[in-house]
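Below, chain A partners chain B and then partners chain C, in two separate complexes.
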Partner chain A sequence: MVFNSFNFLLFFSLFVAVYFLLNHKYRWMLLLTGSIVFYTFFNVYGIFLFTGVIIFNYFSGIAIEKATNKNIPLVLSCIFNIGCLFLFKYFNFFNTNLTEVLKIIGVNNPVPFFNFIMPVGISYYIFQAIGYNLDVSREMQSAEKHFGIFATYFFFFPKIAQGPVERTRNLIPQFYEKHDFDYSRVVSGLQLMTWGLFKKVVIADRLALFVNHVYGHTTSYSGYILIIAGIFYTFQLYADFSGYTDIALGAAEILGFKMIKNFDRPFSSKSVTEFWKRWHISFSTWLMEYLYNPLSMVKRNWGKWGMVYAIMITFTISGVWHGVGWMFLFWGVINGIALSYEVLTVKFRKKLFKKIPVALNKHISWSITFLFLCFSFSFSRNNNLSEGFHFITHLFKNPTTQVDLFNLGLDPLNFIVGVAAIIFMEIVQYYQSKGSVREMISGKPMMVRWSIYCFIILAILNFGIFGTNSFIYIQF
Partner chain B sequence: MLKLALKSVLLFFIIFIISVTLKKIIYQPLKLFPYSYAADDIYLKDTWLARHKENFNTVFIGSSHVFRQFETPLFDSLIRFGEQPVKSFNYGIQGLAASELFYLSDHLVKKNPAIKYLMIELTKITFPDHVNLHTTRMFYWYNYQTYLFTLKAIFDSKNTNFPLKGAIATMHTIGLIDKCLNFGFISDINNFYSRNEKVKNKISSMSTYNGFAPRKEIYPKQSDTNGINIRSKASAEQFQKYENNPELLKNYNKEYLIKINEIINDYSKKGIQVIFVIAPRADKDQYDEVIPLLAQIDARNKIEIADSRKYPEFYSLDNSADQTHLNKKGSRIFTTVLANEFNKLVETNSSEKNLSQ
Partner chain C sequence: METTDILNEVNTIFKRIFENDAIVINPETVADDIDEWDSLNHTIMIVEVETHFGVKFKLKEIMGFKNVGDMCRIVKIKLDEKKLNP
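Let's turn to the complex of A and B:
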């Protein structure tokens, strides 16, 4: 059940009504049952693996807490969790490549392929489980003893499919708190959900028509078509993922839960380092806390090169986490190189920018960062390496054949609507930098408030693309 | 909570009113689409028919049972009556059922004055096809008349329990609301223009079979004969049930029959003979609804070729493409049987006409 479906609208309305009518004592049961129902809409069989992971981590958390040498149960839990992720997400990719390598030396690969569908959300819940065990071993939180609450944390439907990669220490205590019906909080949650839906159906799914068309035949295009597709894909990805996150955060807020903010105007970043503090924040802080910091601590005597070492490993893993395939690995490596460059040249750049007026400096930094982001995202969107290299090598070549820009999935009207919607989103985000837009709206007179609601809802209804489009990050 | 609920309802009504106004004042006067914009197949067939409207005097409209099984060139070669040759067109559309079917047939008749015979597959009104949920195809055909007929016919159905009737009516109501709220209207323009391109590329392929799209393969899984047997048994049992107890035939859907008679009379005024056809391989519920209905229709306006006891060849594995459709070989048999029945019907009608003169 995806958030932009009618099923979810029905499910969520009913769920909220029952949730607030129910005694606080039993709400976790409703949350758990509702979340399991929500998950089964994606994949019934995935429930078994998910439940197995929850049971294992429930006991491993307790074992880590009780153990005098915490490393043994911690390592065992990591092996189990990473093993599950490898088996269900990467095994077939690994085996395909092994087959190719063995073919070169004339040997048949004896290892059979697994025939199953990758469970939805596996990357998210496995990382949350690893984070939980690490937190318990570092004594940053105690092991959760209430199995029902522990399972509810993992299954919690707003974050089950696409995150945020929520920390147990932030969310689990909230399941014990009583959440009364609060009119202003519910309205605020609904506003966030509506805005998320707007980004998804009006922007992301509209741009997808153009992007999917061009990336479906990358080698047929060159020049400005590829550039537009690359820029559109970058905005599509952002609108899609942040749209999902807004719906998730809004849904959680209605129920009384406060989850980690996942995006903070990432395209306003003036460096790649800043971008990663603003994009998929729950995941990048997870990487920072559990991977980058320990790695850089180990190599702290290497100086800046120790940081580069930690960055490269962290971003390679980040790339692999994002998807199965060489394109994602390259995407991680490209980002790692960009961050390493920024670390190594920080003094030089500071000196250089002192000679340039501040406003110009800001614009140059922003432009370079944005172009880099478009490049790295759009490169990784290609289906394979050969298409990726065609993409790079043909970006600035004139199209060899006459191509009608408005015959690539978007007619002139819808092309304009797509661009206008991006501009509208960026204007809203600009105001977000000055304070909460939702609070701003809530402070306006009723007529203004309702006009804004009507405008957004009518835009969703009239301009939205409705069908079976799923969210991009769900595949991760 | 009550305050929020009341405000939500109020907001919904405001948006509803604005949406309806938008449609009336801006969208409709722009005449952005023809009525058949909702699906590739409908638009393709409609465009082809419009280009050759003088050519076709016989049309068969219905679901995939029609477009997979009604072989037009064979049908034309088997019809032996009349001063002018029969030229038939297959207007079968995936998932097409009453009352969307009646909406399309009205347009078809209005736009194609050369039609003399219109065969209509008789189907039950049920849930919209799940693949069409919340797409334009689900709701493009609603207007207040079609919606009203749909609701009446659902609630007058004699073989559907009340909760199910409620669920089906709810889905159709959601469809009507979807339409009133102009769901995805701007993106439909995009779909329509991209479809136009597709149609340009595909349109020449229509000339071979005039709308017929056969499936060549023989159903590959022997183990799945079970599915075919279930349908065969369902057909036999239902026909047997009504034969054993003809009183049951009086238990028909009255609202649906009113619509059928309306169609027969209205089209007859335009010189069109309507023939309702029950096709093979429908499910048990379908037959339970349409057999009593067919019994009420005048003999001059109906053909039944679904009974597995009379037509076992329609339920054999060799003639199957899948559980619900015949393959190319099966479709030839189906078309031959249909042509024979059609011949008999037209001959009887013309001799009755001569006698009365």
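Let's turn to the complex of A and C:
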């Protein structure tokens, strides 16, 4: 059940009504049951693995807390969690590559393939479980003793499919708090959900028509078609993922929960380092907290090279986390190289920029960063390395055959609507830099407020692309 | 050495690393309070503090620093241990 479906609208409306009618002490049971029902719409069999992971981590957290030498249960829990992720997400990829390598030397691969559909949200819940065990081992939080609350935290439907990558220390205490029905909070949550839906169905799913068409036949195109597809894909990815996050955060807010912020105007970044502080924040802070910081501190005597070492490992893992395949690995490595460059040249760039007018400096930095992001995202969107190579080598070549731009999934009207919607989203984000847009709207007279609501709802109904059944980050 | 003396010496290190003589730190100071305190400067600062006081932090200790005060407290414990077991 995806957020942009009628099923979810029905499910969520009923759920909210029952949730607020129910006594607080029974609400976690409703949240757990509702979340399990929500999850089974994706994959019934995945529920068994998910439950197994929850049971294991419930006991591992308690074992870590009680142990004198916390390293033993901590390492065991990491092996279990990473093992599950490897088996269900990466095993077949490794086996495919092993088969190819063995074929070269004329040997048949004796290792059978693992026939199981990758459970939805596995990368998200496994990382949350690892973070939980590490927090308990560092005594940053105590092990959760209430199994029902612990399971509800993991199954919590707003974040079950594609995050945010929550922290138990942030969300678990909220399950113990009583959340009364609060009209202004519900309105605020609905505003966020509506804005998320706008980004998903008006922008992301519209741009997807063009992007999927071009990337489906990458080798047939060159020049400006690939450039437009790359830029469109960058905005599609953002509108899709941040749209999902807005719906998730809005749904949680209606129920009285405050989840981690996941995006903060990432395309306003003036460096790749800044971008990673603004994009998929819950995941990048997870990597920073549990991977990058320990790695860079262990190698702190290497100075900047210690940081480069930590960055390259962190971003390679980030790339692999995002998906199975060489394209994701390269995407991670490309980003790692960009961040390493920024670390190694930080003093030189500061000196250089002091000689350039501030406004010009900002525009140059922003342009370089945005072009890099478009390049790294659009490259990784290719289906394989050979298409990726074609993409890079044909970006600035004139098309050899006549191509009609408006015959690639979007007619002129839909093309204009897509571009206008991107501009509208960026204008809204500009206002977000001045403060909360939702608070700004709330402070306006009723006529203005409802005009804005009607405009967005009508835009969704008139220009929304319905019927798509997934979000991009759900596959990760 | 008392914790306040350690804090004063750490303040001097901060002024040098962040190239800002106006910096005044206190035990509650955190990264968000100082503009230039990014991960690079954080690493440099930890190494400078270790070198200056002749101590070595454990990874678990560094990961547990919530503010400058936590770091100064660990420095004091390590200096006291060194005094007892030179």
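Please note the rule applied: the second predicted complex is superposed on the first by the 475 of 476 C-alpha atoms of A that agree within 3 Å, B and C clash if a C-alpha of one lies under 4 Å from a C-alpha of the other, contacts with A are read in each partner's own complex, and residues count from 1 in each chain.
We take it that a residue touches a chain if its C-beta (ideal position, glycine included) is under 8 Å from a C-beta of that chain, and two chains touch if they have at least 3 such contacts.
Everything numeric here is computed off the predicted structure, so don't read it as measured data.
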Fit-or-clash call for chain B and chain C when the two complexes are aligned on chain A: fit
Which holds for A:Arg138: it touches chain B only (first), chain C only (second), both, or neither? second
Would you check which partner chain A:Asp411 touches, where first means chain B only, second means chain C only, and both and neither mean what they say? first
A:Arg300 contacts which: chain B (first), chain C (second), both, neither? second
What angle, rounded to a multiple of 10°, is defined by the Cα centres of chain B, chain A and chain C, with the middle one as vertex? 170
If you stack the two complexes on chain A, which partner ends up touching A:Leu461: first (chain B), second (chain C), both, or neither? first
A:Phe348 contacts which: chain B (first), chain C (second), both, neither? neither
For A:Tyr26 in the superposed arrangement: first (chain B), second (chain C), both or neither? neither
Looking only at contacts as defined up top, I'd like to know whether chain B or chain C touches more of chain A. B
Least CA distance chain B-chain C after superposition, rounded to whole Å? 39
Residue ranges of chain A in contact with chain B within the complex: 5-6, 17, 20, 181, 183, 186-187, 206, 209, 407, 409-411, 413-414, 417, 450, 453-454, 457-458, 461-467
If you look only at chain A, which of its residues touch chain C in the complex? 138, 273, 288, 292-294, 296-298, 300-301, 303-304, 306-307, 343, 346
In the complex, chain C touches chain A at residues 38-40, 43-44, 46-47, 59-60, 62-64
With touch defined as at the start, can you tell me which chain B residues reach chain A in the complex? 1, 3-4, 11, 14-15, 18-19, 22, 133-135, 174, 181-187, 189-190, 193-194, 197
